[in-house]
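Several structures are given next for inspection.
Both complexes shown next keep chain A, but they swap its partner, so chain B is in the first and chain C is in the second.
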Partner chain A sequence: MLKSKTKILQLFVTLTACAFLFVPMILSLLAGVTSNYFKGVSSGLTLKWVFKVWELYADSIFLSMGLAFACLIVTLIIGLPAAYGLARHPGWLSRLLEEFISLPLAIPGLAIALALLQLYGSLKGFRISWTFILVGHVLYTLPFMVRSILAVLASMDLKTLEEGAASLGASSWQRFRDIVVPNAMPGILAGALTVVTLSIGEFNITWMLHTPYLKTLPVGLADSYASMRLEIASAYTLVFFILIVPLLMAMQWASARAQRITL
Partner chain B sequence: MTNRSFVLLCLTPLLIFSIVFLALPLMRLFLASGESEIGWSIYLEILRKPRYLNTLVLTVLVSLATTFAALAVSTIAGMFLSRNQFKGRGILLSIMTLPLAFPGVVIGFLIILLGGRQGLINQITPGHVVFAYSVIGLFLGYLYFSIPRVLLTVMAAAEKLDTSLEEAARTMGASPFRVVVDVILPGLMPSLIAAGAIAFATAMGAFGTAFTLATNIDVIPMVIYTEFTLSANIAMAAALSIVLGIVTWALLLIARSLSGTTVAVGGG
Partner chain C sequence: MTLRLTNTSKTFPDGTKALLPTELTVKTGEIVSLLGPSGCGKTTLLRIIAGLETSNAGSEIWFDDDNVTTLPVERRKVGMVFQSYALFPNMSVRANIGYGLKIQKLSKLEIDSRITEVLEMCQLQDFSARAVSQLSGGQRQRVALARAIAPRPRLLLLDEPLSALDAAMRKDLRDELAVLLREFEITAIFVTHDQNEAMAIADRVAVMSDGHIVQIGTPEELYRNPNSAFVAGFVGNAMHLDGKSTGNELILEGGSLKLPSKGAGHNVYVRAEDVHIDDNGSLCGQVETITFLGTHYRVGSRVSCPIC
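Coming up: the complex of A and B.
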């Protein structure tokens, strides 16, 4: 395989890039279970930092999970019918709407959060409630849900299927429930996993919207990086990895599966 | 209910949500940028005051450096991974796409573990080598989240390349170098431009990474943040956000029209 010099050079670049990405992850995993990172791994391995993190930050972990779940429900309620509507009415108006709801992907989260704060920051009850953060998460994840379902719906002949069902007397709602939803399932699954993964990891919007009593996992992470010893910060990152890595892999698997259908 | 009204009903929740929580807030943000004493000339102020202009220049330079480094590394690695089948290829690919789901703050922390005071580099090299909080650290942090994005775009494009063109070039006596320059790179070009635009836009707007690393470096997202929280200069924070938003949005529009991909997962 490694016959030519170019191949060796390519392999070298690939391995260097891998090391650059992977070594810090390993360092963080190690630091999270090392008694005293300053002295090194020889000071012994321990789970005490992980327990300490649980003691200090369990709330943030549960808040993030709850938020991700709520975000999933809301993006489904808004996104599934919307994707169907966009698929049934392809045209410039639908393109424009799709483009518009995708703005939060293109505009930095900081700007989105500032905009929300400018308009709704003075509504105290809303400002300090967890639903304020939820709005930010829905804004950011909704385009992924809509596009994921839309891609699957656009690849099939929805119109013919629906006309067939309508000729047999199925109402609009029955067609939506019995034809559209089952056929869109791969897209829904891929979208759902993307929404949950992104919601759990979201920082840029959340940091601006959070209150001292409502810290999500990434906000807690930033907090621990600034004020805790390295071992605790690392153990917290370890907990985050345990949560996010399986989600990411499931998301990539589901997205690849949905994409095979659309081709 | 007719089918047309059912479809409209389906779009209603999306319309209401995006008007109430996206269109109106963005409009408010735009109006807020003109509400200081100097009014709309605040946008000129960005170019006139050295503090903002320097920030703008530094952000563009770091983002450009990130873009080109990520393009170079990811194109080489992406071509290698898509053209060779070997043991461990899947693992390498997984490692290189994992960071897609990492928030910027975590990436900042990983750079601290590499180049901070207790970092690996400082431990294994003689002397005092700490770079995490400098522009180099920021660049490496941006590179960290850019490599996976560019890699995925390049690999998707590499799979669509017509290999018979390369074979034809080779049989006609082209050197491997010429094959790369005259056949492979032009074939990849639209995707490379798209991936570059994505990397550049993400780096320009990266807040989480800068938040952990750039305590002493002024990049636009950090300046927006400090103007808003510390100086309470809301108009300037809004104006900078608008400018930044328009730049990143335009870049991603170009990227999408060129390759149809949007690997905008994460957000730096």
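Coming up: the complex of A and C.
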């Protein structure tokens, strides 16, 4: 008897927690396709708000996608060699550097943005370019890329693997290309996934750095909640959701495929 | 290929003298083992020969008439089998073996035929498509060996190739390795801390201690004529008798022992199989243990004289 009572209680708590999380989400998504939110769903369902969002904020969507992609490229170009260097030369200096790279995680995005504005704000061309936001995103996402690759590299005997390749005649570049990168792939993909999602969702730094002509998805979302009908803001959330879910799924699929071995 | 080392030494940045100036010559087709306890410098010496470690100034390493002292490992054309095997987890058995050939930019046809040849030699035909993670310890060891010899290196270097295996397999694979190495007809050097392994595989054994080669010779030479207490103790576990020397006799608690040459010290090493139990012997002992070992008994006795 007591056992089933506990079970019922468990179920109740679980369902309540789920409802607490899902009901606002569903309501918000529903609001995005309701003709008039104040009248309720009875006013009819429509896609006009979604089209309106596209009309108003298509630029933001493309900007965010472009930013995320550029951010991924830059963090890869910096992060992969950095993680490799740190993994090959363990020691107090490497540990210090790793912590140093991770500092932007501990500092509020607002402070990073202010620092960037103070230092580069007067460079007009740079200040109004999308690359200015990119710098902020790279600062914020780089530690995730480095740590994720470093964790994978640290879990294997990289030095001996490379010595093995070297004894077979491989130059340092060939060792990096044939041994280091393929074996680091799970870390690279996990890092890439994190970097892309963080970059698309980043608000703190971006909100400080953006200009009226450069609004990313989250900045546009804030803007739409502040200045548009609630239905548009809700439809915006829906668009955000539709964009990010297939992207995440595609990257998960890619990472599952990448772990195959060379025959 | 003949390997010749002259005045080769290594001091680590922290001042540790890992290898004292060493001379070593290994003839074409010869298999030499570097034998010694851990920390004796045997792995350092192997890594210097491979080019994975730089030696001190003044060292010279010759592969036939090539001075390779300053050549990095990737240009020395040596095959190396690592203690942990260092097989590439991102490649299949076939790709692992073919990696060195791919680096040499051989034609695809040539690569395929060489891989097949080596797979057969090492009896790995059935495993060529497997991932490294799907292999047993013994199979991994054979893949490591196959990968090292596929590019036809000038010299094969093996760093404790059997130590990662469990004891039951080690003996079988030891004999297998001895046969394979001779089949390859390659100059080989292998490092081990196990005297049985060294004796079973090598043509000559270099016994090392504290960063230098104490003695080098065939297994039989080392066993019959060790040049030091260390070699006698390390190779074949000779018995140590400590007594007072009168010049031509060694006086012990249980009697005396005739010395083979005058002026020998007071430390005498005796092989168990050279001892005969006899009622009229010159040395008394009390038997403490008798162990049956199949082909022979092992008798443990304390040299003392309970009767006299």
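Heads up, the rule we're going with is that the second predicted complex is superposed on the first by the 231 of 263 C-alpha atoms of A that agree within 3 Å, B and C clash if a C-alpha of one lies under 4 Å from a C-alpha of the other, contacts with A are read in each partner's own complex, and residues count from 1 in each chain.
Keep this in mind: contacts are C-beta pairs under 8 Å (C-beta built on N, C-alpha and C of every residue); 3 or more make two chains touch, one makes a residue touch a chain.
Predicted, not measured: the structure shown is a model, and the values here were computed from it.
Placing chain B and chain C on a common chain A by superposition gives a fit, with no clash between them. Legend: residue contacts after superposition of the two complexes on their common chain; A:D178 is shown touching chain C, with no touch to chain B. In the superposed model, A:L56 makes contact with neither chain B nor chain C. Residue by residue along chain A, chain B and chain C are tallied for touches, and B comes out ahead. When both complexes are overlaid on chain A, the residue A:V13 reaches chain B alone and has no touch with chain C. Judged by the touch definition given at the top, the superposed model places A:S4 against chain B, while chain C stays out of reach.
Annotation: apex chain A, arms to chain B and chain C, angle 100° (C-alpha centres, rounded to a multiple of 10).
After overlaying the two complexes on the shared chain, residue contacts for A:V23 are found with chain B alone; chain C is out of touch. After overlaying the two complexes on the shared chain, residue contacts for A:A70 are found with neither chain B nor chain C.
In the overlay built on the shared chain, the residue A:F240 is in contact with chain B alone; chain C does not reach it. Applying the stated contact rule after C-alpha superposition, one finds that A:L105 touches chain B and leaves chain C untouched.
Of all Cα pairs linking chain B with chain C in the superposition, the shortest spans 9 Å. Counting contacts by the rule stated earlier, residues 166, 171 of chain A appear in both its interface with chain B and its interface with chain C. Residues of chain C touching chain A in their complex: 50, 52, 72-75, 77-80, 82, 84, 86-92, 94-95, 99-100, 103-104, 129, 131, 147-148, 151. Across the interface of their complex, chain C is touched by residues 156-157, 160-161, 163-171, 174, 178-179, 182-183, 185, 261-263 of chain A.
Taken together, the chain B residues at the contact with chain A in this complex read 1-3, 6-11, 13-15, 17-18, 21-26, 28-29, 32, 73-74, 76-77, 79-81, 84, 86, 92, 94-106, 108-114, 118, 120, 140, 143-144, 147-148, 176, 201, 204-208, 211-212, 221, 224-225, 228, 234, 237-238, 241-242, 244-245, 248-249, 252-253, 262, 264-268. Put simply, chain A touches chain B in their complex at residues 1, 4, 6-7, 9-11, 13-18, 20-25, 27-28, 31, 37-38, 77-79, 81-82, 84-86, 88-89, 97, 100-112, 114-116, 118-120, 135, 138-140, 142, 146, 166, 171-173, 176, 194, 197-198, 201-204, 207, 218, 221-222, 225, 230, 233-234, 237, 240, 244-245, 247-249, 251-252.
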